[in-house]
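What follows is chain A paired twice: with chain B in the first complex and chain C in the second.
Moving on, here comes the complex of A and B:
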C-alpha cells in the first residue's frame, strides 16, 4: 500500500523522510523533484511509489539545480511543489535559488535540504541553513516525526501566504529515524495549472516571473521576511517546557530537541532548566525569544552543524541588551558544545551538566574498562569495502595496475559515488583527489594543462554514470575544448548504486517506472570529439590493454567506459555467473610468489584467507560469482565453473 | 506492558544482513499494539560491509531520541556475534541482556589476514561476563535448513519473543506477515518464528 493510501487518523511508524513525503501529500503537492543523496533520497522514492495513487508527478532530475527549476515551474503555474536534496546539493542549486528568492513563487513551494551532521554518509559536514538566511527566505526545522509531517504541510501554506520559497531543513537522525505519526487527510488532485504572464510587470501573480527590478523585488522580499517573523511569533510549533524563571534556558532545534529533553531527564534537571524548542529558525521570532531570554539566568543553544541559531540569538541578545540585561549564551562558539560531528543525548547531557554544575550519571567504570577491552581485542574493525562482485573493484584493479606498470606516476582524480571508496585500500588507494560531484574531471581538465609547467604524469579521472550527467559533462566539454590531455574512466554500472538505484538520464526507465529515452554516454562522448573505448571491467586483460593503449598512444581527451552492472542491481543481485572454487592442490598459499594477491590485495569478501589451511577459500554465501578473482591468481588455482553445469 | 520505559533495544549486525528490515518489523509489531516506537539507524554503510546498528526506544510516552545514551541498552540483538561486543563497549551495562546469532561474518581485515577474529567460545564467555543473561543461537544455519538465509532474522525475532523481554506476540506477528506478503509466505515465516522460540526454549 503506498503512503497516499494510508487512512487519516491511523497511527503509523514513519521514517522521517516518509513523514515529510506524507506532509507534502497532505498539502496537496502536485510536483516533486530532487537529486538522490543520503539522507534525503527516500522522500522522492516514497512519493514516486505513491505517484499513481496520489496523481502527482515525481522525477529524479539531472542535478539539484534542475530539480529546483522543475519544481519552481509548477509553482509558477499555480501548483504546489516540493524539491529535495542533500545538504551540498543546495550549493549546486544555489544560483537559481538566489534568483528564485528574488522573483518569489506562486503555488506553495518547499525546499527540503537534508543535512548530514557528522558526515555519516557524506564527504562534507555542509550546512544548508545559511542559504535560507543568505537568500532571505524563511526556514523551518522539525524536531520529531509528527512534526516532520505537520511542519512540511504547513510550510506550503506559509509559502503561499508569503509568495516565497520556504526551507524545511532535516538531518540524518530525523530523515533516517522512524517514529509514530498520525496521518491527516489528502486533498483531491489539482487539474488547473496555468502560467499567467500578461499582467502588469510588477504584479507577482500575473506578470512575468523574475528577480528584476532588483531593488524593488529585494525590498518586497524583506517585507515578506518581516511578515514571516510576525507569523512565527505565535507559531504552535515553537514550544516551551520548564519553570517560569529557569536557571538555564536550553534552546534546541531539530533532532537536538529530542537529545536535550532526554539530557534534562538523565540529569533530573527539569526543575532548574527550561527547554525552548525552536521550529521557526529564520527569521527568528524576536519577541518570543526575547521573552524567554529575559526570564532565564543563562542560555545554552543546542543545534547541529554550525552555530547558526546561536549566532542569531547572540545578535538579538546584543540588540536587546538594554531590555533583558546581560545573558551568558553558551554553545559552539565558546567550545561548550563540540564544533564538529553530530550531537547525541550524551553530549547534550554533558553540555547541560557543565552549565548547571551537575554530574552526568555514569556506568560502573570497571564494567566500561572490561567492555572496552573485550571490544578492542574481540571485535576487529570492519573497513568499508566494495560489495562482492562489484565491478568497481575490478575496474580499480585494472586502473591501479595499468598506472603502476606505466611507471610515470600517473594518478586518478576521484568523484562522488560508491567508487569514492577507492581512496581506501579496498580500491587499492587509486584515487588521489576527492571533492564534489563532477570535480574529478574538472580537476583532471586543469591538471591536463600543466604539461608546459613541467607536469608529465598521466592524468586520469573517474566518474559514475549518474555523476556523468549531473556535473561531469560540463567538465568533459571543457577538457575537450581546451585540448587537455586526460583519460576519463566512466564507471557505468547502470544506476545510482550508492543511494539505491534511482533513475538517471542514462537509463530507459524514470522514477515513476515509465519508459523514457536513455541518453547514451558513449555517443555523447564521441559527439564531443573524445577518443572513446568501451570494455567490460570483469575482463581484466582487455581492460588493462585498452587503458594502456589510451595512455601511451593517444593525445587529448580519451574516455574509457567500463560497463558492468552493479552487484546489487536487480539484474545481477542473487544471480551468479559462475560457481567458484579454489583448487587446494594448485593454491600455493604463503609460498606463492604472488604475496597473496588474491586475499591480501584484491580482497573481495567472497574470497577468504583460511589461515589454518594456509590456502585461499571461496565463501559460497558471500561470493557473487563474478569470476574476476580467477584472473588474479597467477597459479590458476581459482577456478570458475559454469553455474548451469553444476545445477545439471 | 513494559518492564522499563523507554525500553532500549539495539539490533546490530553487518551491512547487508537486513538490520533495517528487522528493526522495522519489530517496530511495526510494537507500534500496532499502541506503543510509541522511535527507531534510529545507521544507513550509510548498510550494504558495504560496515557495522550497522538500529536503536529502538519502546515507550508508552511518545518519541525519544533516536540515539540511546551511553550505557543505556536493555537488550542487544546481534545478527553477528562480535557486533554484540562492539555495541556493549558503548551501550552495555551490568543489567543488559544479549541475544546473538552465532554465525560469523569476517571483516575484510580478517579476510586479508591482517586482523584476527576471536573464537566463538571467547565471544560467548566475554558476552556472558558483560551481561545479565545471554543467548547464542545459530539462526543462519537453522534458516538455511528452512530453505534460505533470509529467514535468519525472523528466527531471531522469534527468539527475542521467547526471552519475554518485550510484548511480541505470535498471532500479531502472523497477521502482520500475512498482510505484508500473503498467507503462503506468512506460513513459512511463522515457522521460522517458532524455530526461534524453540531455540531459546520458550
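Moving on, here comes the complex of A and C:
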C-alpha cells in the first residue's frame, strides 16, 4: 500500500523522509522533482510509489537546478510543487534559486534540502540554511517526525500566503530515523493548471514571471520576509518548556531539540534550564526570541552544523541590548559545542553541563573498560570498500595499472559516486582529486591545457553514468571545444548506484516506471567529436590495452566507456556468472611471484586469506561470481566455471 | 651477495633513476611490468627477499661473485674483462641488414641449427620501439638484426619464455643484461625454474643505451613522424646519431642524444659484456667486420664450430685496433666507477651499494691513467 493510501488518523511508523512525503501529499502537491542524494532520496522514492494513487507527477531530474526549474514551472501554473536534494545540491540549484526568490512563486512551492552533518554519506559538510538567508526566503526546521509532516504541509500554505519559495531543512537523523506520525487527510488531485502571463508586468499572479525590475522585486521580497516574521511570532511550531526565569535558556533547532531534551533530563537540569524549540529559523520571530532572552540568565544554542541560528540570535541580542541587557550567548563560536560533525545527547549534555557549571554523570568505569575491550577484540576492522562483483574495482584495477605501467605519472581526477572510494586503497588510491559532481572532468579539462607550462603527465577523469548527465557534460563539451588532451572514463554501471538505483536520462525507465527514451552516452560523446571506445571492465586485458592505446596514440579528448551493471542492480543482484574456486596446489600464497596479490592488493571481500593453509580461498557466500579475480591471479590458481555450463 | 626485496629495489633503482629497463625483474610476479621499454612497479610488495632484487644488475651487483660464477675467478679489472681471445669476425653465407659483420646473427643461427640453443631471444623493432622476442628459426633471428640503441626489456622476454617452459635459451644481451643473466644463473633463491635460464649469452658492446620512448620521440621528431628503420652511432670523433627511414637519412648531434641516456648507464662499468660467453661489437675502420671477444669455454666451442661449419670467418685484429678498444672500455669503466663512488654507490659501507668489488681492484681502476 502506497503512503497515499494510509488512512487519516491512524498512527504510523514513518521514516522522516516518508513523513515529509506524506506532508506534501496532505498539502495537495501535484509535482515533485529532485536529484538523488543521501539523505534526501527516499522522499522522491516514496512519492514516486504513491504517484499513481495520488495522481501526481514525480521525476528524478538530470540535476538539482533542473529539478527546481521543473518544480517551479508547476508553481507558476498555479499547482503546488516540491523539490528535494541533498545539501550540496542547493549549490547546484543556487543560480536559479536566487532568481526564483526574486520572481516569487504562485502555487505553493517548497524546497526540502536534507543536510548531512558529520558527512556520513557525503564528501562535504555543507549547510543549506545559509542559502535561505542569502536569497531571502523563509526557512523552517522540523524537530521530530510528526513535525516533519505537519511543517511540510504548512510550508505550502505559507508559500502561497507570501508567494515565495519556502525551505524545509532536514538532517540525516531526521530523514533516516523513524518515529510515530498520525497522518491527515489528502485532498483531491488538481486539474486546473494554467500559466497566466498577459497581466501587468508587476502583477505577481497574472504577469510574466521574472526577477526584474530588480530593485522593485527585491523590495517586495523583503516585505515578504517581514510578513513571514509576523506569522512566525505566533507559530505553534515554536515551543517553550521550562521555568519562567531560567538560569540557562537552551535554544535548539531540528534534531538537536531531541538531544537537548535528553541532555536536560540526564543532568536533572529541567528546573534550572528552559528549552526553546525554534522551527521557524529564518527570519527569526524577534519578539518571541527577545522575550525568552530577557527572561533568561544566559543562553546556549544547539544546532548542526555551523552557528547559523547562534549568529542570528547574537545579532538580535545586540539590537535589543537596551531592552534585555547583556546576555552571554554560548554555542559553537566559543567552543561549547563542536563546529563540525553531528551532535548527540552526550555532546548536548556536555555543553549544558559546562554552561551550568554542572557535572555530567560518570559512566560506570567497568562498563567503559568492557565496551572498549569488546570494540577492540570483537569488532572486525573493515575498510570502506567496493562490493564483491563491483565493476568499479575492475575498472580502477585497469586504470591504476595502465597509468602505473605507462610510467609518465598520469593521474585521475574523480568526482561523486560509489567510485569516489577510489581515493582509498580499495580503489588502489587511483583518484588524485575529489570534489563535486562532474568536477573531475572539468579539472581534467584544465590540466589538459597545461602542456605548454611543462605538465607532461597523462590526464584522466572518471565519472558515473548519472553524473555524466548531471554535470560532467558541460565539462566534456569544454574539453572538446578547447582541444584539451584528456581521457575520460565513464563508469557506466547502468543506474544511480550509490543512492539506490534511481533512474537517470541514460536509462529507458523513469522514476514512475514509464518507458522513456534513453540518452545514449556513447552517441552523445561521439557527436561532440570525442574519440570513443567501449569496453567491459571485467575484461581486464582488453580494457587495459584500449586505455594504453588512448593514452599513447591519440590527441585531444578520448572517452572510454566502461560498461558493466552494478552488482546490486536489479538485473545482477543475486545472480552469479561464475562459480569461483582456488586451486590450492597452484596458489603461490606469500611466495615470491605473488605475495597474496588477491587478498593483499585486489582485496575483493569474496577473497579470503587462509593464514593456516597459507593459501587464498573464495568465500562462496559473499562472492558475486563476476570472475575478475581469475584474471588477476599470476599463478592461474583462481578458477572460474560458468554457472550455466555447470548446471547442464 | 646481499638479497633484499622489491621495496629496496624500488628505492635503490627505480626511484633513483638507475633502472635501464633490462626487464630482469619483469614477468616473475604481478608487481613489476614493462611498458614501452620502461619498467614500473604497480603495487608495493613487502617481501623481504625477492628474485627482482637478486637479479637486478643495478643494485648489489657483486662483480667478484658474478665473475667467479661465469669465469671461475674474481673480477680481474682487465679492460676487456676475462677473455680467451680477441678476433675480428664476419658472417659467411648469411645476408641481412647487419650493423657491421653480422656475427651475432651468424652465431645465433648456428646455435639454433646445431641445437646448442633451443631458442634465441633477440631484439627487433615495432612501432619505433625495441621489441624483444623469441626466435626459433634463422629467418626470425635475421628479422631482428641491426643495433637498436634503445634500452630494451630483453630479460622480461627471457622470464616469460622460461615461465612457459622454454629452456636452452641463447640470448643476445647488452652488458647489464648479461650481468643480470649471470645473477639469474647463480639462482640465489634456489628456484627450480631458474636453474639454467640461458645456455648461451652473446654479449653486445654498449657504451650507453637511450631511453627507448625518448629515442622513438626523437626519431619521430627528426623524421616527420616516422619511426627510424635503421640507426647508427659512428665511432668518435663523429659525435652524431644517424637515423634512417625509407631512403631518408638525418644526423642528430650527440649532445641532443646524451640527454636521453638513463642515469643507470652512467654508472655501468662494462662496455664489452664481460659476463657473456662471447661479446660482439663494431670495429673502427673495418666496415663489414665485428670485434669478437671469446670468453668462456662454451663461447669458444660455439665460435670454433661456426668457423668449422663455414658460417663465420675470423682473423686477428691489428694491434692498434685492439689497444684502442681496451682504452675505450677502460675509459667507460673508470668514469662509471668514479661516478658510482661519488654517489656513494660503490662498495657502500653502510647501506646498499650498486656495485661491489674488491676494494684494491676498485682503487686500481679509479687511479688508472686515461
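Convention: the second predicted complex is superposed on the first by the 637 of 648 C-alpha atoms of A that agree within 3 Å, B and C clash if a C-alpha of one lies under 4 Å from a C-alpha of the other, contacts with A are read in each partner's own complex, and residues count from 1 in each chain.
FYI, a residue touches a chain if its C-beta (ideal position, glycine included) is under 8 Å from a C-beta of that chain, and two chains touch if they have at least 3 such contacts.
What you see is a predicted model; the values in this text were computed from it and never measured.
> Answer with first, second, both or neither: which of chain B and chain C does A:608 touch in the superposed model?
first
> Scan A:405 for contacts with chain B and chain C and give back first, second, both or neither.
second
> Looking at A:133, would you say it contacts chain B, chain C, both, or neither? Reply first, second, both or neither.
Neither chain B nor chain C is touched by A:133.
> Per the contact definition in the header, classify A:594: touching chain B only (first), chain C only (second), both, or neither.
In the superposed model, A:594 contacts chain C only, not chain B.
> Look at A:641 in the shared chain and tell me whether it touches chain B only, chain C only, both, or neither; answer first, second, both or neither.
Neither: A:641 stays clear of chain B and chain C.
> Could you figure out whether chain B or chain C reaches more residues of chain A?
B
> Per the contact definition in the header, classify A:548: touching chain B only (first), chain C only (second), both, or neither.
Only chain C; A:548 stays clear of chain B.
> Where on chain A do chain B and chain C both make contact?
The overlap between the chain B and chain C interfaces on chain A comprises residues 601.
> Mind pulling up the chain A residues that touch chain C in the complex?
Touch residues, chain A against chain C: 400-401, 404-407, 428, 548, 552, 590, 592-595, 597, 601, 632, 634.
> Which bits of chain B are touching chain A when the two form their complex?
Residue list for chain B touching chain A: 14, 16, 24, 27-28, 31, 34, 36-45, 47-51, 62-71, 82-83, 85-86, 88-89, 92-94, 105-118, 122-123, 126, 129-130, 149.
> State the interface residues of chain A toward chain B in the complex, per the touch definition above.
11-13, 38-39, 120-121, 144-146, 172-174, 176-180, 255, 258-259, 261-262, 266, 344-346, 349, 362-364, 367-368, 370-372, 374-387, 418, 421, 426, 568, 596, 599-601, 603, 605, 607-609, 611, 621-622
> Show me the residue ranges of chain C that touch chain A in the complex, using the header's touch definition.
28-31, 33-36, 38-43, 45-47, 49-51, 189, 191
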